[in-house]
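In order of appearance the chains are A, B, C, D, E and F, and numbering begins at 1 in each one.
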Amino acid sequence: MYELTVTALFSAAHRVVDSSGELEELHGHNWHVAATVAGDRTDQNGMVIDFAVLKERLSTVLDDFDHKNLSDLGEFRDKAPTSENIAQVIFMKLESLLDGCRLRSISVRETESSSATYTED
Amino acid sequence: MYELTVTALFSAAHRVVDSSGELEELHGHNWHVAATVAGDRTDQNGMVIDFAVLKERLSTVLDDFDHKNLSDLGEFRDKAPTSENIAQVIFMKLESLLDGCRLRSISVRETESSSATYTED
Amino acid sequence: MYELTVTALFSAAHRVVDSSGELEELHGHNWHVAATVAGDRTDQNGMVIDFAVLKERLSTVLDDFDHKNLSDLGEFRDKAPTSENIAQVIFMKLESLLDGCRLRSISVRETESSSATYTED
Amino acid sequence: MYELTVTALFSAAHRVVDSSGELEELHGHNWHVAATVAGDRTDQNGMVIDFAVLKERLSTVLDDFDHKNLSDLGEFRDKAPTSENIAQVIFMKLESLLDGCRLRSISVRETESSSATYTED
Amino acid sequence: MYELTVTALFSAAHRVVDSSGELEELHGHNWHVAATVAGDRTDQNGMVIDFAVLKERLSTVLDDFDHKNLSDLGEFRDKAPTSENIAQVIFMKLESLLDGCRLRSISVRETESSSATYTED
Amino acid sequence: MYELTVTALFSAAHRVVDSSGELEELHGHNWHVAATVAGDRTDQNGMVIDFAVLKERLSTVLDDFDHKNLSDLGEFRDKAPTSENIAQVIFMKLESLLDGCRLRSISVRETESSSATYTED
């Protein structure tokens, strides 16, 4: 079985409620996003999907978030823009753009020491 | 399903017997530790567990090892302080400090090119 | 001659005018900051300055920016919160907290591919 | 369960057909390779396999590719030297050199933002 | 004084004569390029040069090398495509595209452990 | 002018007196070492010095420290094995092994957030 991973980043603002129930001040991050797709075989060119195509699809999704305040976006009206929810929203959007391979996971790294991954397993 | 990973490091000394049966000289490493927890859903704040809380728990565990000679510690009296065993010991200690999410794995990176992961799968 | 560099990061929001004269939307970044100090000799312990002390001073400075909207802060009322100006402001603040070694430069990395350095050379 | 990962790199040239059916010009990459093995228990020294031994085996495999034009090698006569196929070929070669632990996956990172993983799961 | 650094990469093939006088086999690398410019002051927007503009100029230069065999290019007809010469050629080309700030250095990282920097100091 | 940098690492134990006058417990680190040499011109092969040769010389120096307790070594009998002193000792040793190019600096990174550089400027 083959898995392919491409990465990209977007820079955005957000504010969320932390575990003590307090609303953080507005701040921001560079979110590094890794998208992993799986395929059981390769095509005649030896690819599951061309890296360039997968990156282009991921960019299409991330362009909606880059240089934005996530807390103002419709996608996060009913759920907080935490890394968990950001990963889940990107998963849904990217999945709808893919054919010929299945989306395995979206990982969202908020800082070098904190990341969240969403899968449908 | 969601997985959250936080990372931290500790600096310690150790000496172990290598595959040729020889006891290495005392030396040391920066061990980079990645703790991954899993949860099926997020809470009302959109989190599986607050990154800050998970990092604090991991730090509590690693503080026992940081700036120590692992070969002198009680945890490694009966098992060598290899990356495999360090990962397993951290897993047991961190698991006892968590509630509301399950610990998935502990990865211990001894150098940039060598790491060991312990899971209970 | 010795130079010591310590690094830290803060996460904040900002908005600046780009080269086409357009005001960006509010967004954010993780700014990775590297502070470099220089000294001609080491003390009796073999140090120019203890890394832990230098990190603590840098943290004191960065705490004013972390989890904030830079565009709202007094420090950036009269100058845009670009990486250039952020580096210069951190330089002035950190320099006032150091004695026994001279501050050489502050580098501010806005993304993995973009950084600005301020020096008084 | 334990998993051990070691990494190494090789530098080579290749040319492949992209998704638009066009043959790229000859170029090259540094391919970063991660080999992951699994074991249910550790030996009396606390190891699944000595990192040094695993690295030596991986090096033996990669030496055939380093400073070569992959498109000229027999291994890639009948399949394109894509990251997918490179991962699969390394898997087969390394597996035949291992005993006492099972090879889990080979990941091949072509650039910092593109990688392919082959597993037999 | 301010220095700004932007980074980008290109993937190419090359072959050079090593220190023992032997011509290597054709192979390739990902060359990570860092361009550093200097300026004594910032403009009214707080910038020495917009990162986006500097990256675009650097990309214009690197596009000539990406997915090429450097040993076939006119730029390297009379000098070997070593990292030293690649850095010097990129310096000359990028310098001719910049105004309002001076180019300080071009660093070319051939592998994670090997890099060459060209400056006119 | 050209500068070449190669990197390598060694893993060792040490203990030093911190700024509060307290002797730390024995512990260890992976020290990442960067050696930078300078040359005004390249040879007929387009090199200041072959990366492979420079790496071999640096390895010769670091082999004396790898998998050792620095606090036990003769080199550090009269000076503490701090990053500052480690950099200075490596500088002296490597300089004596080089001809045809001048050693510019040795940087020693003790952790990802702490490094010391020694130069003779």
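Note that a residue touches a chain if its C-beta (ideal position, glycine included) is under 8 Å from a C-beta of that chain, and two chains touch if they have at least 3 such contacts.
These figures come from a predicted structure and were not determined experimentally.
Hopping across touching chains, the smallest step count from chain B to chain C is 2. With steps allowed only between chains in touch, the distance from chain D over to chain E comes to 1. With angles rounded to a multiple of 5, the C-alpha fit of chain B against chain F returns 180 degrees of rotation. Averaged Cα coordinates give chain B a centre that lies 27 Å from the centre of chain D.
If each chain is reduced to the centroid of its CA atoms, chain A and chain F end up 40 Å from each other. Distance between chain D and chain F, defined via averaged C-alpha coordinates, is recorded as 31 Å. Chain contacts: chain D has residues 112 touching two or more partner chains. Arrangement of the chains shown, judged by which pairs touch: an irregular graph that fits none of the line, ring, star or complete shapes.
By the definition of touch given earlier, these chain pairs are in contact: A-B, A-C, A-D, B-D, B-F, C-E, C-F, D-E, E-F. Per the touch definition, chain A reaches chain C in the complex via residues 9, 11-14, 24-30, 66-69, 111-112.
Put simply, chain F touches chain C in their complex at residues 16-19, 79-85, 87-88, 110, 112-121. Of all residues in chain B, those touching chain A in their complex are 1-8, 42, 45-53, 55.
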